[in-house]
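Read from first to last, the chains carry the letters A, B, C and D; within each, the first residue is number 1.
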Amino acid sequence: MKALVYHGPGKKQLDEMPKPALREATDAIVRVTRTTICGTDLHILKGDLPLVTDGRILGHEGIGVIEQVGTGVSRFHVGDRVLISCITACGKCDYCRRSMPSHCEVGGWILGYLIDGTQAEYVRIPYADTSLYALPEGADEDAMVMLSDILPTGYECGVINGTVKPGDTVALIGAGPVGLSALLTSQFYAPAKIIVIDLDDNRLEVAKQFGATDVINSTDGKAVAKVMALTGGKGVDVAIEAVGMAATFNICQEIVGAGGHIANIGVHGTSVNLHLEKLWSQNITLTTRLVDAITTPMLLKTVMAGRLQPKQLITHHFKLAEIIQAYDTFGNASKERALKVIVTNP
Amino acid sequence: MKALVYHGPGKKQLDEMPKPALREATDAIVRVTRTTICGTDLHILKGDLPLVTDGRILGHEGIGVIEQVGTGVSRFHVGDRVLISCITACGKCDYCRRSMPSHCEVGGWILGYLIDGTQAEYVRIPYADTSLYALPEGADEDAMVMLSDILPTGYECGVINGTVKPGDTVALIGAGPVGLSALLTSQFYAPAKIIVIDLDDNRLEVAKQFGATDVINSTDGKAVAKVMALTGGKGVDVAIEAVGMAATFNICQEIVGAGGHIANIGVHGTSVNLHLEKLWSQNITLTTRLVDAITTPMLLKTVMAGRLQPKQLITHHFKLAEIIQAYDTFGNASKERALKVIVTNP
Amino acid sequence: MKALVYHGPGKKQLDEMPKPALREATDAIVRVTRTTICGTDLHILKGDLPLVTDGRILGHEGIGVIEQVGTGVSRFHVGDRVLISCITACGKCDYCRRSMPSHCEVGGWILGYLIDGTQAEYVRIPYADTSLYALPEGADEDAMVMLSDILPTGYECGVINGTVKPGDTVALIGAGPVGLSALLTSQFYAPAKIIVIDLDDNRLEVAKQFGATDVINSTDGKAVAKVMALTGGKGVDVAIEAVGMAATFNICQEIVGAGGHIANIGVHGTSVNLHLEKLWSQNITLTTRLVDAITTPMLLKTVMAGRLQPKQLITHHFKLAEIIQAYDTFGNASKERALKVIVTNP
Amino acid sequence: MKALVYHGPGKKQLDEMPKPALREATDAIVRVTRTTICGTDLHILKGDLPLVTDGRILGHEGIGVIEQVGTGVSRFHVGDRVLISCITACGKCDYCRRSMPSHCEVGGWILGYLIDGTQAEYVRIPYADTSLYALPEGADEDAMVMLSDILPTGYECGVINGTVKPGDTVALIGAGPVGLSALLTSQFYAPAKIIVIDLDDNRLEVAKQFGATDVINSTDGKAVAKVMALTGGKGVDVAIEAVGMAATFNICQEIVGAGGHIANIGVHGTSVNLHLEKLWSQNITLTTRLVDAITTPMLLKTVMAGRLQPKQLITHHFKLAEIIQAYDTFGNASKERALKVIVTNP
């Protein structure tokens, strides 16, 4: 089968690979009909995640059709259309039973990372019963791919952890796909103000269309002052970090109001300076989280009910045969005005 | 001054009454510019609330302008435009400090009940600092009257107590003004389905315009079966009772799903039969609540942000001089297609 | 093997039965070393649970040793000492993933009810990986049997659902084994006052030894007045119903204070009269629950840490060969001063 | 009257000062019968809090008897015995109504900081109705002084913010009076393990007597390794920082387990390095808080119920005339084996 394979830092190729086979009774083989590319895939290609080895098929998002199931799979059958979660959950370990499968003892984020992923014609999904979701009838496949990772990530790590509430003032730092997912899902809770901060005017324009009440281009270094002005000097109730850099984290800690929340989504490569000398008395809550994807069933319902329109996040479509071009487009997101790119198969 | 005065069951009159004066240092006198009539006022007039005595000025909703403040009032000044809360909160007793001013030891619901109310040119407001809210600049006065009682009531007793969550299936029994307030505010939380049940097709039509996804006229006694069909036999996540009768409460306990919530808003005159022989094992939560009106600041923000449009609830306008006619209209709500009627002064 | 078998209302026998065999890959066969008798077993024998058929082996509590596992069992091995949960959880269905396995689509309470149970030399446990718990080294087997059902039941349905908090006044109606389990576990949260109400002076004496601050024998019908006197007329923060009768439920609704909780544990056979005409404005929360047994891992930790001493609940020991005598003793609990009776094998 | 007065860094004196008088209608004058010294008072004396001006009477803890009340005080009367909260709450501002009086717009921590404090024969208490608590009959005055500050601080900032739960493993860094208060109140929630870390063996010995299950002297720099060993490599559920230094904060972030909490109590003078490059994916929650003292009524109940014994925290007694000596003792806590010192008057 065709698959996008990592061959060490900077090297990827659309290779012919053996079709995956069942290994455990709890496995399913899924024929992938739609996948997409994540910012994390670009990190892997830069060599930032040394656990990824040469020969690994990338990709942790997608939907498809069940091709084969192990004898231990009871909830899915050949021919079922399914959503593949970026998080593999055994459903049995302490972490899974604490609703924290991000730290599943035998799963977590492994797809396209420690085991072969979804940017291929077929993929093997371990613990299929607890790592796949049945697609409701009438579900739009493009929209559903957004539920593999970025929507639960924006929602769980940003919105739920930030405890966005009706009437709140929310600031969202970073208007990439995950940030925009937090923007969309924060509106589940009717905040009064959603201020989006980014360096890219195009993305800020998109943010406005997606429901931002105020946007700030932080190129001039005045984002903090502008947020404080917008909040009468009180700061925000919730600051969501969706970039993963010290500078953007810093904006969060400068704009959070007394009693407020900082919800970190960003993947950070270095430590940051936390101003406890100021914050110790400010009654703030700071959270981090690798997505657990436990809200996927709820997100499915809200999409089917029309309360959430994930297709807005999709800017480009490619065939699997064109996936290298899809990477090029996604890798030049600013120039290409790309958000999420869908890769279809066949 | 002119005031609507209760003179025993069935008797009300627009009387000339003495203008109220300050009694305690914490009082304010408010010139009322807008008020409205509540279903509870009709109950009083039927004689259902025996604590209301002949000579009482009715009304517990309204907005106005501060005319005079006692020496103990620090947050309001003469000339301030204010929203009058239906709940008087001393801010000091155990209940107030537990965020439950509905049971304030010296306040709670007393306006137009145990002390003179707002259906008058002026009203004395005890504990003004903690019982009034400053109107934001640009606030629409008609919209704001809805925040005195029905919006916090629908929101706190129905939506918050019912813990409506994104993706939920909510059933709302009773599409009167308070029920519709629950309908509007339940949408703060992006439920997937909101089923509204009533006997009046006009109100159901309004409910649809206000965001109901499904409406059921329960005249035929088949509401329970229809809800179960709409939920695949599982029942609803949240059932909100906004009528106050045994029959409507009964619908709630028949449609609530395992793990679901019944949030009672209705004022009940008799006991109900609770089917514990079925419900004991169903992991349900049943709540009751007299509104605390502690969410008023938040509701103000959401109205000012345009996330909530309370003016939809207003169907008629009258002058204070025409308040008897306003009562007639509101008292024949079904025939008059009346929801909330605004009474303005002057 | 020997097993206690139900033969229709009023009839039970220690029969020779075939040893159970694996049916599904996710099953385990456990050699039972300790079991006990539950009030529910007595209900079955009275014929109150018509789904129990002639020939059913009773019992849903116990500990034992893994004798055999199916190919789908990954967390347990032959020879492991295990705690058997009264709740069978598939770990995959919507209810299990919502942490509500009491309503598991293929499990829930089925042991000794819809499938053969633990009052036998061996028992087949479906979904073993998510329905058994490894016994920590050094665990006392007698103590651990209390974790199969009554401790999670008292804790989850009474204490957690009642949201017992430090400083609270708690009333507990019914000092049987489950009520006493709620009494023990309510002390996890340092309530200021725990008032226990029962008709049996011996049980009230036990309650005092277990930490009740006040006990009331309600034989004289004055329990409500006494509780109100103990609470300065304010009523209790939490009322826990651990009997399952209209009269005891009624005490709960009469003594619950404004803002308080009624947590129902009791299995009710008939409906009750809920005084909504009084309670509608009292801001109360009423909960029901079939135990989910999701707190078993936590309870295991607290027992091992010495924070909870379940052995206090055990009054008698019998051999499996004497189980009929054990039933007699447990069935005459008041006369025999029996709480929980342990049945050992061999 | 006699009062302990700050005269600039390093200088304090027991001066004769004018007796305070009422300024606002909401003030009360309290005759102080017991006070104590806080670590913060030592910080003031070092000059670390530049807002404290020469001539300021120190002290924010104490109990006493109402000597005089303003016309706006309704809940206290001359002769009432009261507990003085370290937090002054107006009860009216947004922060007070959000249960966050630490940030009260006109109060918060001001006693002995921005206004004259309690280390004197008399003190003026603003907003007396919401800043004082009636002492229950029979209350032990020494014990009650501990409720002015350190017990709510340890409880709210450490235990509540850390969400200590039954069965948890808690690590507490710093066994000074506030840390020990967190140790005492964490036991409200029956954690399985409480590991206390300090540099002082005497304090660790005290911690053991107060309920620590494990103690670690971190002088050797091996505290992290020891905690990881005690937790099977998983880290702790809750790490409470009760020191206020980068090194102790660092221990917290190294020992917190996935899904765990870091609750900061310490007053930090410098920023710290937060290891987001590791923690971003660890699902942790980090909180800061200036005590709100909103749990004081609850703590009063638990002390009166005997669930909490604050007197354990008291090691020394002095007369007001000997307060300089009291400072010397408290300032040499390690050598003097001092925890809290009570200063009585007369």
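General remarks:
Everything that follows uses one rule, which is that a contact is a pair of C-beta atoms (placed from the backbone, for glycine too) under 8 Å apart; a residue touches a chain by one contact, two chains touch by 3 or more.
These numbers were taken from a predicted model, which means no experiment stands behind them.
Any chain touching chain A that also touches chain B appears here: C, D. Counting C-beta pairs in contact across B-C and across C-D shows that the higher total falls to B-C.
One finds 42 Å separating the Cα centroids of chain B and chain D.
One simple way to say how far apart two chains are is to compare their mean CA positions; for chain C and chain D this gives 41 Å.
Of all residues in chain D, those touching 2 or more other chains are 297, listed in ascending order. Note for the complex: chain D touches chain C at residues 165-167, 185, 187-193, 213, 297-299, 301-302, 304-305, 307-308.
Within the complex, the chain C residues that touch chain A are 25-26, 71-72, 74-75, 91-94, 96-97, 99, 129-130, 294, 297.
By the touch criterion stated above, chain B contacts chain C in their complex at residues 95, 98, 100, 102-103, 244, 249, 258-259, 264, 266-277, 279-290, 292.
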